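Every chain is named by a letter (A, B, C and D) in the order it is written, and numbering of its residues begins at 1.
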């Protein structure tokens, strides 16, 4: 199995590990399961229209672990629109993930979609999206 | 293939090699052929009732060569009766010839029998055998 | 490529050469008198090579209490297993076309049996209990009137459990069924006595016993003689059962390896078992780890552990400083979870999170202690970043 | 046991190791980093061993102008021949069950073909002319609609004649018939180009090319791919065509041996041919000696001579100071006259009185001159004691 330097770095020293204390400004999203081989938990603090902090927990292969870590850097500062635009292919390209592992990145995208959904459904959010 | 010390010695330095110049007192006998794998030529000088000289020529395997050489030592001084009594088994025992080679010794015995026959058929011989 | 080499804990995949074996082989490689063809009995070079070949045959035979004439040289246990199974089944097809084996056999047995199924044989694959053991009762119940052959491995290569081959041997004797035993993993670690075990065919290989790769042997009972159809035909070496020029240096290496392995077996076993117990004592301090295979009836050198809550590939990647295996060597090239652990009832996902640690003659206490630290750190780190199942 | 060792003139039976090959093998035997299982891709020990295996694959492939992916490691040419013939015939049985070969093939081909006959294939064994050559016309005439395979050796092991494999290859291409070539004796002596020769399957062995015994290779055309039924099943090494742990040191030895053999081939051939001609010049001074096999179309190293009027066993025994062969190594254990010479029309008795002198890389002029003296003395002595055909 080949691992790109970026995968190696994020696997060795993942960033933004953990879960933000729940609060009115904190969104969480979960996707996958250990039995499926990947499980991801995202928690984001939102201020105004942006993610100001994004944490993760992950169970999975080195590519999944690196992708989750990489994602939290990538989407810190993101708007709801950025989140909506994001797809797994970005991670596949950035981390040189081999095709046999793409399925695992879909789980990561599931988590992002779930986060987006929770964000839209926030009361404070209606005005903006109206 | 195993060769006994006696075979080794007779193969390395065979004795009584050659053919006696033909004469009234010289008997010869031939048996076998190259195609059959063994050919033996015996020539004996007879004085009174004994072989006083016995020469051989031989084509064959090491056991055959050694047996022919050994035979010329063994039967020098032999009488017609000794010749009649001689069988290949004597050579087989003395030279430790393995069974798969016994057939070749039968050719040697053929030569001895032929020599015996020639001896008996000598005119000078009738009186004695009568 | 890592600069410092990892700690080698993969002795069940293959062992490094014992220096004494290397020395004996190198003598053959350097001495031109020994480099004739052992079949060239017409001259001294051939006869001297042949003498070494026969000396080695006696060494291997002695290690399993067999007569030298019952040892056939092969290229390894894969060939021995194939020669035994394909050879006996095809030769004795008239006796019946049913074969009994188990689900946790090595691929060299399972794939040979698949081939026989394609040729019209039927095979019963016994499912071991969750401890990995196949009982003699299971074998008895599986025997049919048309059963001609039973094949059961002595020591399993992935989990190290030891099967009670002797009991199965007695059963097969009663029933007049041939017994083949794959002993690739037991040689040098568990006593092998083909007479006492009542084995008819037994597969051996040198490279699991500190001997060279690419040489093995098949024990073949000579009285009553067991008939075999050869896999390859030709010069008629090895009584026509296995043609091909005999590799003197390889055979000499196997002979010395087996001679040493048997002579030093008991001391080796005690030392290696202690190291393995030390390793397990350290690893089992982690929560949610599980030993695979019967804890008692196992070879001294193998420890197969499932780490719950840790993904297998990441665990192996995090343990780059340890040379361990996620299953049999051949399997570990692929991604698929071990079929042996599956047969024991483990889920794909648990099987996937399992590692085989296999120790050997050159393993040190320091290596074991370092391994414990690495495993502990890797498992704790990976668990610490995973979502808590009691999340939020 | 003789004190001084005889002069080795039996290179066609097996060659001593080239010291450079021994050195490369010994590095593998001494270096623990190279002693992992080449299938253990999960750790550095396995990956380093694998790298050496693939390097050797490239070396062997280069020597026959093939792609590395078309080389399958085996235990020697006996296995390669069996894998090629049994493997292809069984796999392609639907294409037809007729095979064309020759009477002077090595036993590893003839006995594999016998097995196929037992399995319902029919085989045409072409009889070479008295010079040992099988013509392309003979092959063409033998081809039938149901012919699936032709097997013809490149260089004969007993008489050294070279078959025109290229012409047969072109014919087989036209007719869509597979061609297998046993090249065990040609490697390192005659140029081998699988593309130019149009060969689909080609057998190689290391121990005739100053490499180790017990390792060989089968070249297998990859485009269009040639299907094969394996002889043995298991770990799935070598793309499933040949399971079993790869013996790194053996493979490395074969790689180096073939790399050297190809690089130094032309120089070796010139030197060895000159020595062989010197030997023949000396021996042919004796009356009634006859060269077996075509005097021109022959490999540089082999001289097979019939000595009329001299019994074979006695000749060999008298030549105890020469290590020569009365036929192929495997045969020379037995007493039976060479079936190759018989096929050339020699009588049992003449075949019996024939010797194969085979020279090699380490043969010296002094050895050849000593051999001439021994042969001359032995032949003259044995003839001198034989009955004169013009006796009395």
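Here, a contact is a pair of C-beta atoms (placed from the backbone, for glycine too) under 8 Å apart; a residue touches a chain by one contact, two chains touch by 3 or more.
Because the structure is predicted, anything quoted here is derived from the model rather than measured.
Student: Express in whole angstrom the distance between the two chain centres, defined as the mean CA positions of subunit C and subunit D.
Tutor: Spacing between the chain centres: roughly 34 Å.
Student: Using Cα averages as centroids, what's the distance between subunit A and subunit C in whole Å?
Tutor: 45
Student: Averaging over Cα atoms per chain, report the distance between subunit A and subunit B in Å.
Tutor: Taking the mean C-alpha position of each chain, the two centres sit 105 Å apart.
Student: Among the residues of subunit D, which ones contact at least 2 other chains?
Tutor: Within subunit D, no residue touches at least two other chains.
Student: Name the graph shape formed by the protein chains and their touching pairs; answer line, ring, star, complete or other.
Tutor: Here the contact pattern is a line, an open path with two ends.
Student: Name the touching chain pairs, would you?
Tutor: A-C, B-D, C-D
Student: Can you list the residues on subunit D that touch subunit B in the complex?
Tutor: Going by the criterion above, the answer is residues 309, 311, 313-314, 317-318, 335, 347, 349, 352, 382, 384-389, 391-392.
Student: Okay, in this complex, where on subunit D does subunit C touch?
Tutor: Going by the criterion above, the answer is residues 1-2, 5-6, 8, 10, 13-17, 22, 25-26, 29-30, 32-33, 35-37, 39-47, 75-76, 78-79, 81-83, 86, 106-109, 111-112, 114-115, 205, 207, 212-215, 231-237, 243-250, 316, 322-326, 328-330, 332-333.
Student: Any idea which subunit B residues touch subunit D in the complex?
Tutor: Residues in contact with subunit D: 1, 3, 11, 14, 17, 19, 22, 28, 30, 34-35, 37-41, 57-62, 64-65, 100.
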